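Each of the two complexes below includes subunit A, the first together with subunit B, the second together with subunit C.
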Partner chain A sequence: RYVRQLQRLQFLFSPTAADARGARQFVEEAAQDFARQHPDVVLYVSPRSGTAPLVRAEYLNGTVREELIASKTSEEIVQLITKLANQSGLDIIRIRKPFHTDNPSVQGQWHPLTNKPSILTVQGPRLQPQ
Partner chain B sequence: GSGPPPEKKRWLRAYLEMQRLQAPPQRRSEQPNWDYHAEIQAFSHRLQENFSLDLLKTAFVNSCYIESEEARRRELGVDKDAVALSLQDNTGLAEQGLRFARAYLTRCFEGAYPNLPARGVEALVNFLTGQELVSFVAQNLSIQDLALCRDFPAPPQVLQRTFLAVIGALLESSGSERTGIFVRDFLIPQLIGKDLFEIWEVVNPMGLLVEELTKRNMSAPEPRITRQLGVSTVLPVYFVGLYCDKKILAEGPGETLLAAEEEAARVALRKLYGYTENRRPWDYSKPKQGLAAQKAISSN
Partner chain C sequence: MVVLSAARWLRSRLTDRFWRVQEVLKYARHFRGRKNRCYKLAVRSVRRAFVRSTKARREKKRFLRALWITRIEAASLEHGLKYPAFISNLAKSQVELNRKVLADLAIYEPKTFKSLAALAQRRRQEGFLAALGDGKEPEGIFSRIVHHH
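This part shows the complex of A and B:
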C-alpha cells in the first residue's frame, strides 16, 4: 500500500521580517487546508528571528531537506510543500537508468550452453522410413 | 557617536557550528518541535489504518522504558505513590501480534505453496518474523522515533517487539481481516527477489529430493552429466541432469561434479515446491467480501 514518505514539515520564520510575509500569509490561510488534505504529515510552526525563513522536511528514511521560502508568495509555498510531500527521501542525484525490473528473465537467462544439445543425446544414422 | 551595534565575536559562529556537529545524536522526541499525540495520529493515517489511539500508545511503551522511568523517579526522590507509573507494557500486545502474524503467514504460505513441507513454511515464517527483517521494516516506518525505550538508538529486538505490538493493537482495533491485509502488505514484499534456499537452509538437498519423490511414488533420481565445459581447466562447468525413469527432472550447473549434482537437486526441489523464479507473483488485490462470509459459513 502507499505510505507517504514525508513525516513532518517544520516552518521556521520570523514574525516581523519582511521576506517572511509569504510564510506568514500561508500559515494564516492555507496551512489548515494543507493539513486537512494530508493527515499523515505533521506540521510544526515555530518562530525564529534573525535568520532567513525556511521549511524543513523530514522523511521516513531519515533525510532532512531544507528549502528557503524567503520572498515567496503563499501559493508558491503551497506548491513547494506539495512537491515535498510527494517526494521520497532518497537523495536527489542523477538516476543512472530510468528502468528497473525484479524479473530480468522470464524463460531463463542465456548462457553459452543454452541451445547446445546435451551430450546424452544420441545421434545415430537416420532410420529409413517404412 | 554610536555606529552600527557591535558584533558578537567573529569566532562564535564557527564555534557554535562545531558544537552542533560534535553533539551526540539525540532521540527525535528530545529535539525541538515534537508533539507525541500528533505524531501518533499521523502514524495511523500514514498506514491508512484506523487505530484506537490508546492501544497504539500502549503498543509503543516498552518494559525497559517503564523500568528506567521508575528508577529515575526513585533517584529524584519522588513519593512512592507517584513512582508507580500508570503505563501499561506492550508485551501482551506483542505476543498477540506475533501469534497472529505467524498463524496468518503460515496459512498464506500453505495456501500458496501447497507442496512445500512444514519445515519450509516454518523457515519462511521465521525469516519474515525474525529480528533483522522486522526491525528493518520498523525503521523505515519511523517506529524508532515513536517507540519509548531506554536505549538510543533502539536495539533491533525492541523495534521488533514494538512492530509486533502495533500489529496486536491493530488486531484489537480493527479485527483480523484488516490486520491480515496489513501483515500481507508490509511483510510479504520482503520476499521479492529472495530464493527459497537463501531463506531455508537445507543441508542435504539430494536426500530431501529422494524423500519427496518416494512420497509421490516416483523412482529415485539418476544423475547424468548433460554438458561440460573446460574439464581440464581451473574453472570447469558441469551441467548435471537428474532423470526419473529416463525423463528429465531438473538440471543444474556447478564447478565440480558434486556441486553440480547438489545444485540440480536444489533446482528439482524448487520445481516440485513451486517456488521457481518464474512463478506467479503474490496476489495483493483486495479480498472480496463474499470470501469472508463463505469462510464463516464453512467453519460453522
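This part shows the complex of A and C:
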C-alpha cells in the first residue's frame, strides 16, 4: 500500500506583503481542495511578517525542504506543492549506483588465498612425513 | 504626464552580486590554489571542469570495460585459462554474460567463476577434438548449440 512520504506542509507568509498575494489567494481558494485530495498531508498556515513567503515541506525521513513562493500565482503554487507531495524525502543528488546490497557475496568474497591449495592456509597439528 | 525615461536620481544597482558569485564558487571549493577563492580564476576552472566531466562520460565506459577485462583475465589465469580462450569458449557455449557481471562474479562468487572457467575449458577441449579428432561425440557434450524458437 502506498504511504505518502510528505508529512506536513507549512505555509509561512505575511497577510499584507505584496509578493504573498498568490499565497493568500491559494489559501483562500485552492488549499481546501488540495487538502481534500491529499488526506494524509497536514497543512499548516501561519502568519510571518517581514520575511519572504515560503512553503516548508517535511518528510517522513526528516528532511525539510523550503521553497519560496514569492510572486507566484495560485496555480503555480498548486503545481509546486503537488510536486512536493509526490516526492520522497531523499536528497536530490546524483545517485552513484542504481543498485545496493548489504550482502554482496554469497560464496565468500575473493581473497588471495581462495584458489590456492589449502596446504597454505590450514594450520593443523604438525604434518608427519608419509 | 508621459515620462519616457526614468529620472536621473533613480539608479539600477546590482544587489545580489554575492549570490551570483557564490553560484560559481560553490563548484570550485575543492580545487587547489587561488582558483577555489578568486572568482576570476574560478570561472575559467569551473568551466573547464564541466567540459572535462562531459567528455569523460564517454571515456568512463571504455575505462570500466578495460578494468573488467583486467579482472576477468586475472581470475581466469588463476584457473589456468587465458582471457581470449575464456571469453570465446563461454560465447560458444551460449553463456551470454557480459564483462561487468563476469568481473563481479570473479570477485564475489569465486566458486561460480571456477565453474564457468571449467565450462570454458571443457568446451575448448571439445573444440580441439572436433577439429583434430575422429568425429566421435564425447559423453556429456557441451558444444551442441541450443536453438530457441
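Here, the second predicted complex is superposed on the first by the 91 of 130 C-alpha atoms of A that agree within 3 Å, B and C clash if a C-alpha of one lies under 4 Å from a C-alpha of the other, contacts with A are read in each partner's own complex, and residues count from 1 in each chain.
As a convention for this text, contacts are C-beta pairs under 8 Å (C-beta built on N, C-alpha and C of every residue); 3 or more make two chains touch, one makes a residue touch a chain.
Because the structure is predicted, anything quoted here is derived from the model rather than measured.
Participant: Contact-wise, after the overlay, does A:Q123 reach subunit B, subunit C, both or neither (first, second, both, neither)?
Facilitator: The answer is neither, since A:Q123 touches no partner chain.
Participant: Could you tell me if A:D40 is touching subunit B, subunit C, both of them or neither one (first, second, both, neither)?
Facilitator: first
Participant: Figure out whether A:T16 sits in contact with subunit B (first) or subunit C (second), or with both, or with neither.
Facilitator: neither
Participant: So in the superposed three-chain picture, is A:L113 touching just subunit B, just subunit C, both, or none of them (first/second/both/neither)?
Facilitator: first
Participant: One more residue to check, A:D102. First (subunit B), second (subunit C), both or neither?
Facilitator: first
Participant: Check whether subunit B or subunit C contacts more residues of subunit A in the superposed model.
Facilitator: Of the two chains, more subunit A residues are contacted by B.
Participant: Would you tell me the residues on subunit A in contact with subunit B in one complex that are also in contact with subunit C in the other?
Facilitator: In subunit A, positions 106-107 sit in both the subunit B and subunit C interfaces.
Participant: Which subunit C residues qualify as touching subunit A in the complex?
Facilitator: 75, 78-79, 106-112, 114
Participant: Going by the contact rule set out above, which residues of subunit A touch subunit B in the complex?
Facilitator: Those residues of subunit A that touch subunit B are 1-4, 7-8, 10, 39-42, 44, 46, 60-61, 102-103, 106-107, 112-113, 116, 118-120.
Participant: For the complex, which residues does subunit A have touching subunit C?
Facilitator: Within the complex, subunit A contacts subunit C at residues 104-110, 114-115.
Participant: Name, in rising order, each residue of subunit B that touches subunit A in their complex.
Facilitator: Where subunit B meets subunit A, its residues are 32-33, 35, 38-39, 41-43, 45-48, 140-142, 145, 185, 192-193, 224-229, 237, 239, 241, 277-278.
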